[in-house]
Amino acid sequence: MAEFLDLQTAIQSTVRDGDVVALEGFTHLIPFAAGHEIIRQQRRDLTLIRMTPDILYDQMIGMGVARALRFSWGGNPGVGSLHRFRDAVENGWPHPLLIEEHAHAAMAAAYQSGAANLPFATLRGYIGTDHPNVNSQIRQIVCPFTAERLAAVASIRCDVAVIHAQRADRNGNVLLEGILGVQREAVLGAKRAVVTVEEIVDDFGPRSPNTTILPSWVITAIARVPRGAFPSYAQGYYPRHNGFYLAWDEISRDRDRFLAWMQRYVLDRREVLGPDCLQGVAA
Amino acid sequence: MAEFLDLQTAIQSTVRDGDVVALEGFTHLIPFAAGHEIIRQQRRDLTLIRMTPDILYDQMIGMGVARALRFSWGGNPGVGSLHRFRDAVENGWPHPLLIEEHAHAAMAAAYQSGAANLPFATLRGYIGTDHPNVNSQIRQIVCPFTAERLAAVASIRCDVAVIHAQRADRNGNVLLEGILGVQREAVLGAKRAVVTVEEIVDDFGPRSPNTTILPSWVITAIARVPRGAFPSYAQGYYPRHNGFYLAWDEISRDRDRFLAWMQRYVLDRREVLGPDCLQGVAA
Amino acid sequence: MNVKPATRSETMIVAASRALKNDDVCFVGIGAPSAACNLARLTHAPDIVLIYESGTIGTRPNVLPLSIGDGELCDTALTTVPVPEMFSYWLQGGRISIGFLGGAQIDRYANLNTTVIGPYDAPKVRLPGGGGAPEIGAHCKQTFITMALNRRTFVDQLPFITSFGHGRGGDHRRSLGLTTAGPTRVIADMCILEPEAESKELTVTALYEGVTRDDVTRECGWPVRFADTLATLPAPSEQELRVLRDLQERTRIAHGAVAA
Amino acid sequence: MNVKPATRSETMIVAASRALKNDDVCFVGIGAPSAACNLARLTHAPDIVLIYESGTIGTRPNVLPLSIGDGELCDTALTTVPVPEMFSYWLQGGRISIGFLGGAQIDRYANLNTTVIGPYDAPKVRLPGGGGAPEIGAHCKQTFITMALNRRTFVDQLPFITSFGHGRGGDHRRSLGLTTAGPTRVIADMCILEPEAESKELTVTALYEGVTRDDVTRECGWPVRFADTLATLPAPSEQELRVLRDLQERTRIAHGAVAA
């Protein structure tokens, strides 16, 4: 059964140095507040997994949290490069980053097969591309019926999955809606799951019978963190702060400027980010 | 794009003798009216696929529509045997029925991999059971990462999938909710898809962003058939007629009684079944 | 209050319900398992999570379903997921603590047959088949089996293993790579049997009130063994019987009303 | 009405939008593809189905999304499915008629690189990577590519093939088991290129107004070939430009407002 904890305790009790961790979210519901707490707690040597390591992972990588990254698209969505990610890969700053690079289809399938407790996922993937030449974790499998050759990738099963959702009820069940990404699969494939939520309600009330709900008994800890996805968004609560994504390109280009921003807006304060987090740094 | 047709035309233009056909529904939304139309049109040599061939398939098998059946549980849910299915398997009446027998998990996975255009599905299945000894379509596959041996089954990709749903909008998009079974997978893995619906609405109106909707462009034909799932049910429209399921045990036990019922309630009339369909036959 | 004594079938359901804990997550089948799980929920295990293979998670039906997918199960569920997801993420995913199975036949190692009587290719009786049972037996942390005990159901040799229990006994289960416990309890209508620790042969560990060793020996299709210390199962309490009978009466009326 | 002449980028978007039909189902990427698809929807192809890899099916955004998963896409979609389903049932399932791709680099056989400049293990520039592109290129019935044409983008040799186009040309695609058509059109900001029927080498088939052969030859990183009959693409109409600029203005205001 899920325990209701404050964010600091939730992260402290679930995320350990060296863990394999996925903070998932496909543009929507990215668990920024939880990721910032991991940075504040100075976790080290994490293997980070995510389809779309975006600004949050750029920050975590730049702050030296990660030893390795399994991913499929490492950019600032709609804006361009992730400069901290690039600096780690190109220059080993703040230290070298091992990468295991996939395509979206393979990552998504690996999350599915992980949630299904299978050791690998099969897909018609990587045909003619160079990915298998640089990633030994992309292998071949032969269909026992048609003899076709297909791609196989190892399942994703994390030590900890961290997601953000719209709401929990008092029993610790969690509802999410909108763009769902691979969050359910990340949670169901993980040993421990931490969920931050916009609010806690007495009851979800009338709803579609097929509403996306994670039951309490698959979750380790729930923390109420309003605006916990900012500058990403929570459908029905607040929109994506596209301006922040645009501004991050400048903030993150330079190591010192990046460190100054992290010090001021993440390390030196415990509140979640708000629109004021561009003060003193935006052009 | 889906075409709106009457049921007779929809079946006539999509289901051909010898086709591989799935009329799916897991207890809920079973497309009885469409199946009865197939019987009336005297289709022959169909390979029928369904996880839970229940009364509808009992009727189709008893009326000689099927040449083969791929299934995972062939009973009258909560009641007992399917006597027409048994008669076909045990005595070859009205003619022999080839069976390819699976477990639910394998059928569900095969529908998924069919919808995903993969040739096979992998599962941790059939461990220690006798199914692989009687079904050459259950094979082994070795994980290229862990060397574990897992079960593989061929994907399900039908010529025609037939389902019943709550409603379509005027553009031919189809909404279903409640117990969803494998209907979406059956449709997405099929060459042609026929959907009967309780009603056609101007617009689905306000709804969850993740509502289960099949877009018009994956559907071949839509027919408006109110009560088209009776004596199964349509969540939000009418309940399951459990009494019919109980009564079917008696009706179907005897070949002549079965034929008389089919003549009276399916062949001699074109309307969908109603509660009156037990008149003259119920105990 | 004067309560009619429990039938053997009722005693079996009550015994099964008592085996369930408040924090269990149960994969429920139709019939006795469904009655037992809901009885547990309505008595000592109010928070027990009930899952039916039709996809309904955390369901709290007011009447027992006739089928595995009655609307009542969906109406009262926390949520309902598609069937492929139920079998992949939830069952195979290892999320279920207790699976409930029944069957047409069981052998001394708690293997089950629900497929066929006689040869597979020339069956004497074609049964419905496995459905969810093969993987329920494999992936739930443990399974309970409920079945009436008689010479047709408790047999020396199965014509077909639909759901693997302890195979040929001993460490057969583990040798196939199964990490779950498998059948840990058979709740029959005369007694409870449990696999002996080493051999995994089913052994009678408790008799119902009024049932003798001879009764069990006579009805069992193999020379059944008894534990050294044999318990007598306390009879169903008045409260258990009342809740169960109310539930079954509500069910009868509900299904009758629909049938009428 | 006096409309400012089209920029090359606008001409490219308009040319791409014209290539789309009312019954297409498009897998849309961010940037020029998104602008082109929505321009088509707002002009000659009102029923075109737009799908973004975040799971939004049949979306009709009022402003262009900045990211592939902006709330606007979900708010205006017919429905939104989980990402694994988008890639398995919809893309790999073969349900998409047109995939739109861009990239950092393209070669003469319409292979694309969005992974790395320089050696993979010691990159000069680490690019974002493939995302959906490898399988968009494989599974859509055909793909369109939009890219600005210059010597940095149209290159002789790719350091990495992120998305396979026509490989080394000829029947390379088919020989790998791909049954889809692959890149059928490259809509650049100076001209349109199409794979030559046999060799599959990209060949200029139409020039934009005011662009000469020499302009294209000078900017292209390989000795580019021209079709025997070279069309001149009609300039964007006033209506196309107005709709596109209105869309981009709405977008600017919407994103600016959020940024403020």
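Order of writing sets the labels: A, B, C and D. Residues in every chain begin at 1.
The working rule: contacts are C-beta pairs under 8 Å (C-beta built on N, C-alpha and C of every residue); 3 or more make two chains touch, one makes a residue touch a chain.
Predicted, not measured: the structure shown is a model, and the values here were computed from it.
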Common touching chains of chain D and chain A: B
B-C or A-C, whichever has more C-beta pairs in contact: B-C
Chain B and chain C: spacing of chain centres that average the CA atoms, whole Å: 28
Averaged-CA centre spacing for the pair chain D and chain B, given as whole angstrom: 41
Chain C and chain D: spacing of chain centres that average the CA atoms, whole Å: 57
Junction residues of chain B - those touching two or more other chains: 112, 117-118, 123-124, 148, 178, 180, 184-185, 209-212, 235
Multi-partner residues of chain D (at least 2 other chains): 74-75, 80-81, 88, 92, 139
Pairwise touch network: line, ring, star, complete, or other: other
All pairs of touching chains, each written as two labels joined by a dash: A-B, A-C, A-D, B-C, B-D
In the complex, chain A residues that touch chain B: 113, 117-120, 122-124, 137, 139-141, 143-146, 148, 150, 152, 154, 177-178, 180, 207-212, 235
Complex contacts: residues of chain B adjacent to chain D: 1, 112, 115-118, 173, 184-185, 188-189, 209-213, 215, 217-218
Residue ranges of chain C in contact with chain B within the complex: 30-31, 53-56, 65-71, 73-75, 80-84, 86-88, 91-92, 111, 115, 120-121, 123-135, 138-139, 160-164, 167, 172-173, 176-178, 255-256, 258-260
Chain B partner contacts - residues on chain D that touch it in the complex: 23, 25, 49, 57-58, 74-75, 77-81, 88-89, 92-95, 139
Touch list for chain B against partner chain C, complex: 26-28, 51-52, 71-75, 77-79, 81-82, 85-86, 89-90, 101-105, 108-109, 111-112, 123-131, 134, 148-149, 178-182, 184-185, 233, 235, 239-247
